[in-house]
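Which chain is which? They are A, B, C and D, in the order written, and residues in each are numbered from 1.
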Amino acid sequence: MAIPDWLRSRRTERDDSRHDAALWTKCPSCAEVLYRPDLSANLFVCTRCQHHFRMSAFDRIAMLIDGDFTEIGSNVLPSDPLTWVDKKAYPVKLATDREKSGMTEAVLCGLGSIGGHSVALGVMDFYFRGGTMGSVVGERLTLMLEAALQKRRPAIIVTASGGARMEEGMLALMQMAKISSAVARLSEARIPFLTVLTDPTTGGVSASFAFQADIIVAERKAMIGFAGRRVIEQTIRQKLPDQFQTAEFLWRRGISIALSIATNSRRFSFACCRI
Amino acid sequence: MAIPDWLRSRRTERDDSRHDAALWTKCPSCAEVLYRPDLSANLFVCTRCQHHFRMSAFDRIAMLIDGDFTEIGSNVLPSDPLTWVDKKAYPVKLATDREKSGMTEAVLCGLGSIGGHSVALGVMDFYFRGGTMGSVVGERLTLMLEAALQKRRPAIIVTASGGARMEEGMLALMQMAKISSAVARLSEARIPFLTVLTDPTTGGVSASFAFQADIIVAERKAMIGFAGRRVIEQTIRQKLPDQFQTAEFLWRRGISIALSIATNSRRFSFACCRI
Amino acid sequence: MNIIVEREKGLLELERRIEELRVVNASHAVDMSGEIAGLQAKYAQIQHEIFGSLTAWEKVHMARHPMRPTALDYLSALDAYDELHGDRHFRDDHAIVGGLGRLGQRNVVVIGQQRGRDTKENLLRNFGMVSPEGYRKVQRLAELAGRFGLPIVTFVDTKGADPGIGSEERAQSEAIARCLVTFAMAPVPIVATIIGEGGSGGALALAIANSVVMLEHSVYSVASPEGAAAILWSDAGKADEAAEHLKLTAADLQRFGIVDHIVPEPVGGAHRDVPGIVGRVVDTVGAILDSLASKSASELTDGRYSKYRQIGALNSERGEATESTP
Amino acid sequence: MNIIVEREKGLLELERRIEELRVVNASHAVDMSGEIAGLQAKYAQIQHEIFGSLTAWEKVHMARHPMRPTALDYLSALDAYDELHGDRHFRDDHAIVGGLGRLGQRNVVVIGQQRGRDTKENLLRNFGMVSPEGYRKVQRLAELAGRFGLPIVTFVDTKGADPGIGSEERAQSEAIARCLVTFAMAPVPIVATIIGEGGSGGALALAIANSVVMLEHSVYSVASPEGAAAILWSDAGKADEAAEHLKLTAADLQRFGIVDHIVPEPVGGAHRDVPGIVGRVVDTVGAILDSLASKSASELTDGRYSKYRQIGALNSERGEATESTP
């Protein structure tokens, strides 16, 4: 389906009026007040300080994919294997986030093309359960990686996640194993795999496919790390420096590449398709 | 040839009388005065502080190999490609060291067995040109590794070297490339390779086959490192701690294993043969 | 405070009394055997009452019991165990122990997470919390095993990966992530045993296996009960409740298809009979390796792929629940 | 003090005079073309006298010339160059630059040693002396190339590997040693170009190649002349003599079979015509890649094996000298 049609077909599930209610938004980094249409036109990068705003999976796919987009795993939906209840029941939380984000789960996967190169793409969405990974995220990403393997196309995953989803217990943790196994097959088949790490990428997502790619691109100022900031601060009993666990911190430590998604992630997608 | 016969055949080239002139020797580590036959019976380990004495290649082969020993590359001898002269001419230095050590070059290679396991073995000797690596060391070790590959036997190298031999210029440096290429073939053929690092192992030997093995064993207190101690001290303009670049230092840094050759290197040779 | 240790204090008093009577019985020629038998029966009864059926939270404490056998207890039970050290790049992480060993007639590479057994060892082992260089040691050993066709046997026992500054600086995420791929790819049999606490990704890094064995009272969880309670109810005191929710026991995980074999423990826990439980685990692992011995490299990697491929709980569009149990 | 830079000072004076005359000639309508031609002839004569035939020691200084083109000059001449950073474990070593690029119609992985071009960059780049994490970045890039079948193109320019405490602590030896094996094994074409100073093992780590290219005035040596003189005569002042002994020039090394192609430099050195020399090097490397393009992975690794297998100077027992030249 062509991207505009696909977005329109999805829009029925999205409450756009609520999304676009605020025409003005404040940059969380430099406090500049930005006009939303301008921000969107600038690919969600603050015009003043280059802060990269969190993006919905829809916006990011529209930004990256330049032709048709065929969704993968859209009929794979969450269940409640642990019949989990804390302050709320898990199915209630899922329904709320589905309503809020227009997403049926925390990742959207599919086949499309970037700059004329056919790719398999998965994009996580922080607005659905903080991008946490449960069985559906694992299944959809695995289906996408298996499609990349079968069609011999480069695979790209844009991450945004707080880690494994506690409400699915060990079934959530095992998704790390499942996706890693699919990445291993892709690697053995010598098919390029690229990840774009956006704010935030932590826990079980960070400690699995995010850092298994052939090429890792990180968005400027994105928070990226294994352990949560609070856990570390409790462990060491002191406050962490501001720069800690940012993309720039990783870049200096030689872990990945800190780049603006707006300009360079497309270029790196090309580079990935070239190899 | 059986080890005693082989040693006897070699003894003609060795001036044993001079070697054994001093029946007593002082431990360089704890200053204990030791009776040479006792020291030899204790496999050249100080009875008081476990300091590992430097050993000639002959003594070490006699200690490690328990059956026959068939030398490899004994007819490969040095030449003088750069017609090198500094304080003395290179051929004069070679002749002196040949006389002094009973070795025709700084390494002795061959096939034999350790604890019933057939191995290919190379042993460097610090008493010949400080164990430096020139064309002959490169050629003999390569022949040994090629024999290990052809016969599918584990390869073991006992290192003791100040690095590349300056008197052979770039031809010496290229031996790093030559031996590394042979190690690569061994590794691709999945034949185990073990190195035992003895005092000293530095420079181009350290930065090539010494650290390319599947299992690396280091003798206690052996000096092991890339750059020479003086070079580092000149660079940083301060004195280095005593422990710097010892086997124990490496062990803590996770680089290798610090063990007594007398007890454990045989055990590790078995382990190597098991894999 | 470990609730199992607390409960054992009452039993310890009884044990001492029985032992005293035994000594009296032996030395004084007074027949106390009736009293001894009575106390022993009472001991067994109490032991059964308090340990016969453990809650999830009690199992968490059993898994953390200071006397519970650790990785080195299992490793040193192997023949010809030779430890290999370090990641060759940065440091030897003592929270990981491993090397070459012989299990039955088979040469294997063994790797374990080693927590401390006393304060001094806790510091040396960082309480069993592995740093990036430890996970890189794991990769190095697993690659060695793969290169030479040796089965990989792991023993999992960690609260979780080390959460320190240095670990973040040296890319803890990358270290764990590479372990997962290395284990997924390894062309050899892998058997992982959860011997104590299996804490999240830090445990999984050693546990992508053809067969996952778990001790009866071990736990294996996506998050620590304390951490989960703090997040869910902002109250770490509700850890017992969280433990129930998390489905972290061996029986739960076998139901989900995550754990393949459960090794029963003696009443009172594995530490009541260390040689017995070590022997039973080693035998179990040996039998599994026997069953995997005839498989080719691709059968082994495919076997792991299908094991993990199936795990998860999904709803299809039409509302049919897809069960995860294989 | 760089002896080439010193000599250039005299020429600079002459250059300025020629330029002044040119300006006068253009603006004042006075015909000075005769004078200009005379000065230019003199300039060429002097330039030829002092640069026409360089000693080994002079070449050492030419190789170290502050204006000599560096790795980034060559890398940025490639199409679509995308830099990749870091070893993913510890640090991004700026003494190594590299990434994906296009050379002609071919996608390649490029890797270079980058020294500084001014004081600030010297600090950032550690004077081109690579640390273990830099060599591990090289391995990572070379493995990426191998995995995806991309040729590896390297540019060598280093005094030697970093000799600091941290580098020893993080196993400099191991880092270089692994590079050598990685390059030996890589199933893709490798072309290494010595663009400046090729210092010992630290240079060789990027230079096990199917074809080694060397700029006319580059040097490649087992040890620095200063270091060699200090060891041999306990007198670093005899570095010029040591330079002659060490046989470190392109011509010497071609004779030994170590260097395969020499790229001529303009009179006065590569820095007198940076775009020209960069173009010539890129074209040479491209032509070599063309000639290697049809070879299989095993032909490529075998080719490297035989290249290095033959290098060395040996005497057989019977005293026959075995020449090393192929």
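The rule we apply is simple: a contact is a pair of C-beta atoms (placed from the backbone, for glycine too) under 8 Å apart; a residue touches a chain by one contact, two chains touch by 3 or more.
Treat the numbers as computed from the prediction; the structure is a model and nothing was measured.
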item: Pair joined by more contacting C-beta pairs (B-D or B-C); value: B-D
item: Most distant chain from subunit C by Cα centroid; value: D
item: Whole-Å gap separating subunit A and subunit B, where each centre is the average of the chain's CA atoms; value: 54
item: Whole-Å gap between the CA centroids of subunit B and subunit D; value: 33
item: Rounded Å distance between subunit B and subunit C, as computed from the means of their C-alpha atoms; value: 43
item: Per-residue overlap in subunit B, given as positions that touch at least 2 other chains; value: 187, 211, 253, 255
item: Residues of subunit C touching at least two other chains; value: 88-90, 170-171, 174
item: Topology of the chain contact graph, where touching chains are joined (line, ring, star, complete, other); value: other
item: Touch relationships between chains, expressed as pairs; value: A-C, A-D, B-C, B-D, C-D
item: Touching residues on subunit B, where the partner in the complex is subunit D; value: 75-82, 84-87, 135-136, 138-139, 142, 164, 166, 168-178, 180-181, 183-185, 187-188, 203-204, 206-212, 224-227, 231-232, 235-236, 240, 244-245, 250, 253, 255
item: Residues of subunit B that touch subunit C when the two form their complex; value: 187, 190, 192, 211, 214-216, 251-257, 267-268, 270-271, 274-275
item: Subunit A partner contacts - residues on subunit D that touch it in the complex; value: 80, 82-93, 100, 102, 107, 133, 137, 144, 147-150
item: Footprint of subunit C on subunit D - complex, ascending; value: 88-90, 132, 136, 170-171, 174-175
item: Footprint of subunit A on subunit C - complex, ascending; value: 161, 163-165, 167-174, 176-178, 180-181, 184-185, 200-201, 204-205, 208, 220-223, 227-228, 231-233, 245-248, 252-253, 256, 258, 301, 304-305, 308-309, 311-317, 321-322, 324
